[in-house]
Amino acid sequence: MKKTRRILGLFGNFDEATNAIYDIRASKIAGLSVDDVTLISPIEHPEVEEALGDRPVRVQYFTFCGGLFGLVGSWLWISSAQAAFLVQPQGGKPVVTLVSNFVLSYEMMILGGVLSTLIGFLVGARLPSRPSTLYSEKVSLDQVGIILELDDTQIEPAKNLFRNHKVLEIREEVMK
Amino acid sequence: MSLDNLTKDWSRYRKGIEEGGFHNYEHRWGMAIDLNACIGCNACSTACYAENNLAVVGKERFSKGHYMHWMRIERYWDEDQAREEFPDQGAHFLPMLCQQCGAAPCEPVCPVAATYHTPDGLNAQVYNRCIGSRYCSNNCPYRVRYFNFWSYPESAWPEPLNLQLNPDITVRDKGVMEKCTFCVQRIRTAKDKAKMENRKVKDGEFTTACAQACPTSAIHFGDLMDAESAVTQLWAKHQVKRHDEQGLPVSTQHKQNPALRGYRVLEELNTDPSVMYLERVREELA
Amino acid sequence: MKETELHHDKDIRDDLAWSQINSDILKSLENPRRGYWYTVIGCLVLLAIGITAAVLQYRYGLGMAKNHPHMWNLYIATFIFWIGMSHSGTLLSAILHIVHADWRKPIYRFAEAMTTFSLMTALLFPVIHLGRLWNFYWVIPYIPARGTWPNFRSPLSWDGFAIMTYLTSSALFLYIGMLPDLAIARDNTTGWRKKLYSTLSLGWYGSDRQWRIFRKAYMLMAIFLIPLAVSVHSIVSSDFAMSIMPGWHVTTFPPYFVSGALYSGCAAIVTLFILLRYYFRWEEYMTLAILEKICKLTFAIAMVWTYLNLVEFSSVWYGHDIYAKEVLWSKMTGAYAPAFWSMMFFGSVLPFTLAFQKLRRHIPTMMAVSILLNVGMWLERWMIVSPTLAESFYPWAWDVLWPTLTSWAIVLGSFGWFGLLFLTFVKIFPSVSMYEVKEMVYHRKLAREKGAAHGHAGGAQPAFSLSMRKEDGS
Amino acid sequence: MSGNEIKSFSPAPFRSILSAGSATQAAPLPRIERRDFLKMMGWGTVGVTLAGCDLPSTVTLEEGKETVVSYLSPEEYAIPGVGVWYASACLQCPAGCGIHGRVREGLALKLEGNPDSPVNRGKLCQMGQSGVQTHYNPDRLGKPQLRKHGKLVDISWDEAWKVLAEKVGAASGARVAWFTGTVSGHQAVLIGEHLEALGSKHHFVHEVINNAVGRAVNQDVLGEAMPRLDIDKAKLVLSFGADFLGTWVSPTHFATEYAKFRSGTRGVLVVAEPKMSLTGANADLWLAVRPGTEGMLALGIAHALMKKGVSVPEAARAAVTAYAPEKAAEITGISVQRIEQVAALLKQHSPSLVLAGATVEGQEQGYQAASAVMLLNVMLGNVGKTLVSRGEFPFPQLSPRTGNTRDLVAFAAAAKDKALDVAFFYGANPVYTAPDSLGLVAALQNIPFKVVLTQFPDETAAQADLVLPVASSLEDWGTHVADYQPEQGVITFQQPLMEGLYPGTPGLGDALLKLLKMRAAQKYSAFNDYFSYLQNAVASLPEQYRAGGLTNKQLWEQTLQKGLLTVDSAPGSLNTNVGEITLNEIKADAEYPLRLIPSPRLGLWDGRHANIPWLQEAPDQISKIVWDSWAELHPSTAARLGVQEGDVVEIASAHGAIKVKVYVFKGVHPDAIAVPLGQGHEEYGRYAKGLGVNPLKILSPAVDARTGELALYGTRVNATRTGVHEELVKEGRNNISQRGRKLVATITAEQFRRTEGV
């Protein structure tokens, strides 16, 4: 069925929130899988996130590619610039100086790595974005929120599930 | 800036001075300065001022080391003078100018490549490129690089002194490093003339201002690549060799006859200077 | 004091309410105390002095500040000083982050800010010291129209690469780490601040996806920053180590510079720690326990620094390089001897105060000591630059000339500039990481509870062991 | 010699004068008058090949005038971008060197030695090269000045000549005097003719750095005042204070000779003097002799030689016998061993050459001491070998009127006696050089009309009633004959290298002709100007100077092109008339224990070059001090006085006192205190004024008994510390040692002769 609604449950107690997710995971609501759950929290919550299961993060590939590009690209760039700029100072040294080029490539590897990590982070985290209207400022204080994407039939069971786990507040919106 | 370029000439670009370096020198201008003849009279230094538009800085600035003696005459006393009542053996004079090193320590440290090696074997300073980081001066073991700490065009040549300025070369403004050029304007003139006449530059056709002025002809100037030139002959006679000439391994101990007078100052630093000095001579009378 | 004594071996109280954390930290963004304004005025005065001197120097030439053979002098020494200062922030933050030392959490934010700002201060000096500073951009390898590139083999152009990389990376590291806090600030402010924080927080809302990727990206950046920070100061040391000058061409310079950098940075963290604790009344967050930890770290680094000094001296002594020996000897006995021995005292003897708990916990002492350590570190930089210039291969050019008023004025001005940047920062951005302090409090609380359950009542567990166990248990 | 330059090295274009420049550097464009440049067309240029037709063609805008000057149609004599070398004469000191001047776009740019000149053989000392800075000096006078109501005010040239005609016309001719430095050639002739026309005999010729006593001794002993000195032929040169590499007679010439002397078998140089001169600094053996006792040292050496069997002329036997080495050692402070060693060296190295310089001659017994030195030459048989006859100069009227200090004393006395009504000053600055004890400044008030022909507002000009600016040496015509003539005698020709910077300013010759026309218009009416006078003089040369039947024009052009005219003279032979030598012992003076040595410097000379920035900035060769005066003190003397380098001491003689910074230096005798000449100007432009002190001011008026020359080196002084300290500004200030580096390496002469000897 088509997901049409989104609800947010805010929890003061992190254990309850965790348990709520385990309940969803255990398929207590038909048609609702853990993939429909988004957790929003004020701090890093490895233990709460665990309930959501494995959700792969791929930023490291960005990092690797960026770093590699920085390393190789800058080395080629600098060396070929040197080979094109022949009135370079010599000091008795060759035109293409490997030693100094590696030092610079090293720096460029890091710069490439850092910048691509940033890009990877922004892409992966879907930033910049507009926070959804369901977002509650309490999340940035001390509460955990669980957002579920639901079809019409799942709304009530989900709310009940939240209530079983001492939800403090429930918000609801219609998806466009 | 293309990779093509890089792969095409890779082996040449990887040559250091010991393997002959990148340049195939057309000339390598060099000097031989005979300390047996040098009397320390300053004529060379003044000639340099006249030829190269060197600024007079005045007493106050001189005291801070801002002076511009591209060619300076150093005066030393005997090491054991501390024990003697009088300097019985006289002074030691040393005309010190840019040594136009083959492996110049100043060159690799310039961040903007304002000092570089020309195909003439000169250690050139491009005033317009210089941003004044002064790293070259710091890395010069001979301390022969001079910095324009002030805007000397504003102060050093009150009218009509400015009419004396040599139009063949620039007047340097503040913030630029400068140093002896081996009178590059004279080299250029001679080369241009030779080119127009479709011949090679002849030995003795021109000389630097300092060598020209020296009353005792202690300074010899010429092309070290020209086997016939007087300077080359002097170098050979005193068994002093350039790095690009001797190849690997570079040794500073190449004189077979230690009685010969040729040496280069601070040779052990492997800077491969283009200026050879001939030792001072003293009668043993003490 | 009483309270902190009670919790004397805890980094932070684990019963801090999260709402209190938010309000305590966000309070620092508003209503500056009078002392803040005095400090701002002081910094402005210093900056004005520096700018005046810089303008005069620009107009008349570097003769205002420099002498031959002292082509580099205070400017480069102060440049290294500021670069060094920038190290502890990012480097320590990154290292401690990687090893999950969670006591970094209340202090890393301002330390990273310090990194960024001292880099921005340091950057001024290579430009100010140029003879023709209006052409400074020629060092940047932009695609040239006339085929002229910078000289890639000059350590000064390495500096350019390294510093730009470091500035970019550490600013990004600071910014990424601040994102969740910017979201908190967004949620708790109104008016222009709200707009500002909304934009800056990029719409962070703390979803699990964001947190996961944040954790990974932040860790990756931390991993990059450690070798980067080491390389940056090594490269700065290359300005000297890659030269052929006696007293500069020293193989131990890279680690020596890095240790000196960490040292001065740690000392600066202590100073700023105390100042922020005082200005914003953050005794709850910047606890004496944490101060003690930094002090211990500083002491350890001081000993590394001392050791590397001794290594340098003995390698000169073992090597038969008469030039290097002369420079060292004149440093110790010549005109620079007072500065040299003050450096040794401040750098190697004074840190022993940090070995005593009583003194470590005495805030006025630590304030004084941390400032003096940095005076020592500044002297160290000066003692690297000047004695070699005064005395090197060529005796004819030997000369000891003291820095001019102009160069002192510009050095002072740089402190004003740094101060101003930092003071602006603390009023715009939260200088303590709120979300991480919350994590810290949360984990401590969990640990206490778990510890109690396992019969380790009252014993504070290291944070990382806690998280490890959590993972094992799942 | 680099002539033609097409490209400049640096990409930044240098603004040439024709292309004029920014407000800060715009310079007056030399105005070329038609008459003058026609004259210039007649110039000979020195071996320059013009660069052909590929010169850069540029159109430039001259600031202010807004005229577009095309390089395609330049002034006829100026080839844009090409430097042309012209021969002329150097007037920076009386040595008489020939020069080549590089002229580009109508401006003289650089001076080098004239290779054709046997005096300097293409070389030029720093003073000679600085001729351009004398010429372009910013403090040069451009307008005549007349004293009105006690102050000098600018007047027009017409007025100046009118006033001059009136005043000189009104004066009694016999009471008119010329006071000059060394002059020679046709200028000397014209001065002579002017005085003759006036009926005056008053030509005072003054130089502080002179050779007057030496000339007298040479004349008496050898029969020739200035014989040739073959330094290059000597195997040993023993110099008693004769700084022949620095300031003595003809330094550049002797330096070229020295190079030959030191090569091949390599001669030995021994120098005995109380203060190390440049020559002393190059000696193999330098002897610090007690000031004023050089004559005794010479006699001591003679005695040692006598003991070795060298015969002594009868007349001097008594004096030589009186100074056994032991006695000489006691007096002079040179050990017996050293005296014996020098005698042995002299005997071993033959021929040798023994020279006496200013420190020997400038004493109350200067003549006697110099005679004792000459005695050594006679005893060693050097006369005829290294001391060679020059013969008489074929044009004696052109020979130099050599300067001395006797004339200064005489002039001061004449002025004091109110014997003069008008005095012309040229090439001398007696107000600066006269010791205060002569009372010259006060005496000058007795001369009603003082005319100073000068380029600069110097001290004498400040006392003048009429100041007439004259052309610089690069703007003037002239002929010059050096006092010291090397193997080939020459008349050096001086031609202008460029148009005068200050229109209306006459050359010395032109001024003299004008003065002469005021007296004897008829006689000189044929000469429009000095240029035509000289042309006429050349035209009247005897036939032997026209090899190949040159026309007058060809001869003139050839002479100018070469810059000199070689003349023949018939060398005779020299006498050895040694007279009786009486050297009295010098009594110690408890109140003034030290001798003041006003040491001359190659550079500032007697102070006339103090206004040249290059020379002020060129370090003193020995102390390396710039822009200042200093007092050289031996460390033992300094310790006794309790002073260190930079401490200011007061040096007082019976005739005045000066305060000067101390330079502690081992190259000075402990009984001497040396203060260099040249500084301490009260006037003389921005570069000279207010720097250092003038040691001449406190000299005693004592004179040499025989010649009447001032005993310049005989003044006794004491020194006391003032407690003031001021750093001396010098190059390489912290080092006198090489610190174990091989910067200047030394090998022994023995080794040198083995490997490179001839």
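By letter and in written order, the chains are A, B, C and D; residue numbering begins at 1 in each of them.
Throughout what follows, contacts are C-beta pairs under 8 Å (C-beta built on N, C-alpha and C of every residue); 3 or more make two chains touch, one makes a residue touch a chain.
On a predicted model such as this, the values are computed, not experimentally measured, just so you know.
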item	value
Contact clusters after notional removal of chain D	one piece
Pair of chains ranked first by number of touching C-beta pairs	B-D
Chain whose Cα mean lies nearest the overall Cα mean	B
Chain A-chain D separation of Cα centroids, rounded to whole Å	89
Intercentroid distance (Cα basis), chain C paired with chain B, Å	44
Rounded Å distance between chain A and chain C, as computed from the means of their C-alpha atoms	29
Rounded Å distance between chain A and chain B, as computed from the means of their C-alpha atoms	62
Residues of chain D whose C-beta touches two or more other chains	731-732, 735, 737-738, 740-741, 743
Chain B, residues touching no fewer than two other chains	67, 72, 74, 105, 108-110, 113, 266
Overlap residues in chain A, where contacts from two or more other chains coincide	81-82, 84-85, 88-89, 91, 93, 97
Chain-level touch network, classified as line, ring, star, complete or other	other
Contacting chain pairs - touch in the sense defined above	A-B, A-C, B-C, B-D, C-D
Contacting residues of chain A [partner chain B, same complex]	76-77, 79-97
Touching residues on chain C, where the partner in the complex is chain D	322, 326, 393-400
Chain D to chain C touching residues, read off their complex	731-735, 737-741, 743
Complex contact set, residues of chain C against chain B	60-63, 66-72, 126, 129-133, 135-136, 138-139, 148-151, 153-157, 160, 239, 242-245, 389, 392-394, 396-397, 399, 401
Chain B - residues contacting chain A, complex	1-3, 5-6, 9-10, 12-18, 21-23, 101-110, 113, 115-117, 243, 270, 272
